[in-house]
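What follows is a set of notes on a single structure, which appears directly below.
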């Protein structure tokens, strides 16, 4: 069988090597080397071929067994440490792989002119984007805890350079450092848990050379205390990534200072690793601990929902605002995961995809807007009345905004309602109450989206902005797939839900109290 | 005479040597303190050799002496170079590097 | 029926396609876009007629058809099909929406003639029609919610249609946002209701959730909770107390919008929701009571506000609110009220749309003036408008045989129906309904005579009022005829009530606490008294051009009984305070809290750095000290331990 | 009666080749003409290290199966020891490559005559006549040989000798910097004085152990059964309390001596000063290779002591472990926390080295043979990154430019005068623009040191934490994790400056530090020269810090930061280090397999 996943991982790496390494050879003062101007087309080509590979993977994937990890490949990698190169995706993983594959060409296209004519910057930028893509695809495929961890941390590096090196805000370096410190801080805490898993896995009798395989570890009962400690280790890392209140502080800074393209990749795809990790690592590996922690997690998730939305309303910087909305949305995703209902979990899985599309669209369109401002201002107050000046931009922004506020008919609505309705019937204590408490989030979402739209696009056009150009063809090409995707998935969510439903059922089954075991105990006592 | 006394003497000499290193400013004297520590060690070696009825300790003392001599060569060379540059042999003057 | 059921999706499809073409097509469609919009709406109307007539031809017990389109959402135990439910209730709405909608489309062609963005306007209108039809045709709460928010979106877009390029642009945009956000507050109710329903019945489609089994399985508390949540949703959408504040501001939109969305159709969606969810409400008497109370309060609220408004559209908006209060009241009365709620909804759709379009015609003639104190004596100049609005006026007053009489009287009678164990209800709500009718008569008469009557015009300079183009007055004529005749056609012999029976069930007939003729007579008397009073004040007496200061009540009513002030103080200010608190907390506690860590490291670094003094002797001392400390510790622990 | 001992010459071959080549190098100084001397020395040195490594490779299969004790244990070749030797040989080879590079400036990092007083005409003469100190190569060989021996002996007195053999050349090498001579000499003096002090502690510890056991070999001589430290402990000689104190105190002092070399707190104070003052290529060599030797020796001593003590009194064993743990924690804390406020690249790397000593000790504290082997991997990963990093530092230089002369537009080395290394972190701003490859390599080394996955450093750190955890020291692993967060922060700081900040002398944004700000001297030199004035008066003067005393910075001139081209060797070394860092990070399996074989301490 063709190794689709490995191909999906390796192909962008090839592209990154090709483009990125050539960028190192160029220095600004150096002579112009061959292939000037080709960096963007080549990268775009690579990312489009990657989309082709993705199609292949989708065809090879059996939706009938979406809960199983398919397209699997397992090779020994570092047997001394017990880690393998084990990849495989279930439906959720495949969708997230798809998200990372689909967004990259759009981001490349959106950033087409962003770096100006500086060939060095261009090559580095596209090289880093492709590198990040390879890591992101890989992390969603990883079926080995160690491999997952390695990728989890390694992808921070291209992300870090993308934030710090190419952002538009003055504070981008600080933001990059903040991002990396938060992420690494969480990651290293997770490392401690990974180390522990190594010993516990061996102690449980797993072959030492493959001790990190998720499938093996999931079958091990770690013991209550150890399991809880390790859950905490993993969860903190994921919560920082997700980002969840109160460890979200890095996100607004990043959103406000990175380029919109970077933010898109970072917040819409990379951060999904957090929730993806909760779903595919925390729950299967630490089911008991997940149940134990669920009430607190749910509470924090709902606080994130409201907190993020309120902060978004209070923002004066457009891109920061979009960042804050994500805090709110990630709250919903986590809420869905930790209320342990098939509906909520499936909704969360679906929402991971939708949030990527919707927030990605919002980031990119906001980026288009900012790029038009003579001073590249991100201050909402610097804009006004632009609907009459740039109607298409306004319309696209509004659609993206409506997707963000989960307007029914768009995919985001389906997932949000699934989460809320599912969470209401959640098994952890107080789920229903917290679910109800999260509902005002939808009102706050309407406020932050429409308030922003009102300030930027309505009223009299601001001085100096009366002649801004409307969306160009390239920019429309960027926005169109996202909008269409949101619409189609909103009307026919089944296209995606077939991939997430079975995994959701399965992960809920994992965390439900083991009834078969109880039965066995009873029959045992009867005997 | 109890053989322990030699050990104690060695320890005392060692301590004096160490104190010299800590308290004196002149680099040469500091270095002499180190030499004193080495010689205290020699005394200990010889004492223990006697105690164990084993010649190894006495041989070891020779090794230490040779090493001490080698240290003197290198050490004095460095100290003298510094003295020629700075016209001072005080270890407290040599503190450009800190922090 | 089955041979034409395949047309049903096109009810939504045509306007949706129309909207898509108009909104995505860009300037290329500017020239003919408005006609495309009309065509799309008309096509829907034609399909509506076909389905309607076929439905009439089918036996009563087969009049509820669920038309499955595709599996919409199937995950985690929730299966929702994307399907349409065709039954007398939904088809009634279809007819209202498509027929009135098409008339308004036609009207708008002329009304928006000078607007450079007419195409976009028609795009939004088509979008609205599609969304509204989705709302009423949905066979599940989830799909209903799609339409529910869809109409909200269309409403948002249309209220804020003039959100740039006018002095009032920003206010229009704010009004649009206000409408959407307040609707969203209501939507929370719908979301919560769905969560409760799913938890209680495991489904969201009408077929399952409203079945006797499902409703029977709900505890009364759950049913009450669901009912109240649905009521919250209905309050938001239908501008019922306490979520009524957006409707007046929504008049910022072009007048056809006010007619279609904020009078005839969208705002009545709450009533539809209540009637549709009848089985659940019936299982929750408390919720029903609250519905009635909300209806009654809004009824009076709107009526009182309507008496003081000088802006013709705002007066009509207040009237709408009040009339929907009637419907809501009826919807809370159980099967006895449902049919009349919908009946009134239908007749109201016609006469209020006619009134609004008439108002639009007046504004058109008066250069977009909306202040009635600047009108007067217009009957000569706008005869068609005058007559059609007059028909609407008589209809809303409930003068027999105009259509309002048939529906409103039914509601008033229903309000006087005794409720077991709660004898006070019939008297209280009956009286409120009658009182409301009197006030309605007063403010509608005031509106009518301030506009058309009066001994001298109070126009501003350079006004040359003229009748509008046929494109505008033909729809008025249609609506005027409807206002006059629809009630009688459907009301005599209970045709309409029978038609709806398959959906709302047959109502046990109770005798009202007063004999029916007494009720009718009383109502008519107070209506005539109210109208006469208004006639005396505004037709006979001179109307000042500047509003007199008025009584306390007048001033309060002018300011919508201080609804915005109340919202401001009770909700917005505290909310803003909380938001500020969160913001400051995030900056000064959370963010600063995290930045303490690196600062602490730096501080310790600076302190420890001093130890690296550059003095060899201090380094040596450090080493010696280290040795000593270790030695002492080891001696204390090991040495003493070893001595034992 | 005197029996000629049987000697396994093959087992000694690596040592003999390296040390023998050192002796030959001395002869080369005497007999080979000056012109050819440098080349001869370089070839000889590299060949010796390569040869030594070749012998190690040949020995490996045999030693893995059967460890060898040569001359009764004076050289004890366990797989662990041989592994350490191999790593030292490899790192020394790379280090020498950096040392040998004269760069595009045509000058190596060493003073023509280190003994000349800075600023004198004699020194100037030596510089003009193109004198070179080729003695550094034999010195490097002796140091490397000493390190190899240091790591592979069971005999404490041999260890002491090896300690001196490796240290004395380093003391001298530290003093030989071409520029910033005062700092170089100061570094040498401090290193020497403190090193001698530590040696004295070490040897006194040896004496005490000898007093306890009557032997200075742990396992003892196979020909004299029963004599040795371990036999002494086990045979119950430890019953008398006095004897026990001797053992404990002796081991303690020996360990302290080793910890000094490792650079562990509180015996670390020399590290930042010496690393900063020494010629940068030497710093790289010293930081990498000495650490390997010292840690390898420490691990073996501790492990052997543990074997003995554990059977007698596990409680003492636990105390010993606690000492290491406390030192490890302190070392990590000081290394990372103080490192985070440094402003000089070399000094920052020095504190990084301290921090890494801490992480190494975290692994060592696990006292588990399996995991000690992973310490070897750590040392390799750390050493590669360190040599590479210091190699990069040698190439980042200050250059004096006279505006208006049109010079500064030309390529490096043709005009403007290249001065010493630009080690202020702020000066590294914009390096990513000036030298992308070099910056990429340096970033890679930093990431490896920070322990970011897909670099060697991560696998290493994972091993260290696993080591601590396997010894039951979970909390130590967690502390290690916390420390690495802080460590990451300071590597990151450097990375930010290099990659993201715009250079101060970037033509696009001329934020030039003009010389007016510090009249008469360029910023890079100002601090040093004024300090020099304080201590030495007019004789030394501003020129004391550089050999280029004839070139004065006038007010119209300014200092730019430039990257000089390598003449090859350093570039090769950096490239090899970079590639190895990645390969060891992505495919560490083969090396880990070797390291696992090396998990054997008992002869």
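Points to keep in mind about this one:
For reference, chains read A, B, C and D in written order, and residue numbers begin at 1 within each chain.
As a working rule, a residue touches a chain if its C-beta (ideal position, glycine included) is under 8 Å from a C-beta of that chain, and two chains touch if they have at least 3 such contacts.
Note that this is a predicted model, so its numbers are computed, not measured.
Of all chains, C has its CA centroid at the greatest distance from the CA centroid of chain D. Of the two chain pairs examined here, B-D and A-D, the one linked by more C-beta pairs in contact is B-D.
Of all the chains shown, the one with its CA centroid nearest the global CA centroid is A. Inter-chain centre distance (chain B to chain D, centres taken as mean C-alpha positions): 25 Å.
Chain A and chain B have Cα centroids separated by 64 Å. Chain A and chain D have centres, each the mean of its CA atoms, that are 43 Å apart. Centre-to-centre separation of chain A and chain C, using mean CA positions: 36 Å.
The set of chain D residues touching two or more other chains comprises 189-190, 193, 197, 201, 272-273, 489. Residues of chain C in contact with at least two other chains: 598, 609, 612, 614, 616, 620. The set of chain A residues touching two or more other chains comprises 181.
Touching pairs of chains, sorted by label, consist of A-C, A-D, B-C, B-D, C-D. For chain D in complex with chain B, the touching residues are 114-115, 117-118, 157, 160-161, 164, 168, 171-172, 175, 181-183, 185-190, 192-193, 196-197, 199-201, 203-204, 206-208, 210-211, 214-216, 272-273, 276-277, 342, 347, 528, 531-532, 535-537, 539-540, 544. The residues of chain C lying in touch with chain B in their complex are 609, 612-617, 620-621, 624.
Residues 598, 601-602, 604-606, 608-609, 611-612, 614, 616, 618-620, 622-623, 625-627, 630-631, 633-635, 637-639, 641-643 of chain C touch chain D in their complex. Within the complex formed with chain D, the chain B residues making contact are 7, 10, 14, 17-18, 21, 27, 30-31, 34, 37-38, 40-41, 44-45, 47-49, 51-52, 54, 56-57, 60, 63-64, 67, 70-71, 74-75, 77-79, 81-82, 84-88, 91, 93-99.
Within the complex formed with chain C, the residues of chain A that make contact are 181-182, 245-246, 248-249, 307, 310-311, 313-314, 341-347, 350, 385, 387-388, 392, 395, 402, 407-409, 413-414, 417-418, 420-425, 432, 435-436, 439-440, 442-443, 446-447, 450-451, 453-454, 457-461, 491-494, 497, 500-501, 504-505.
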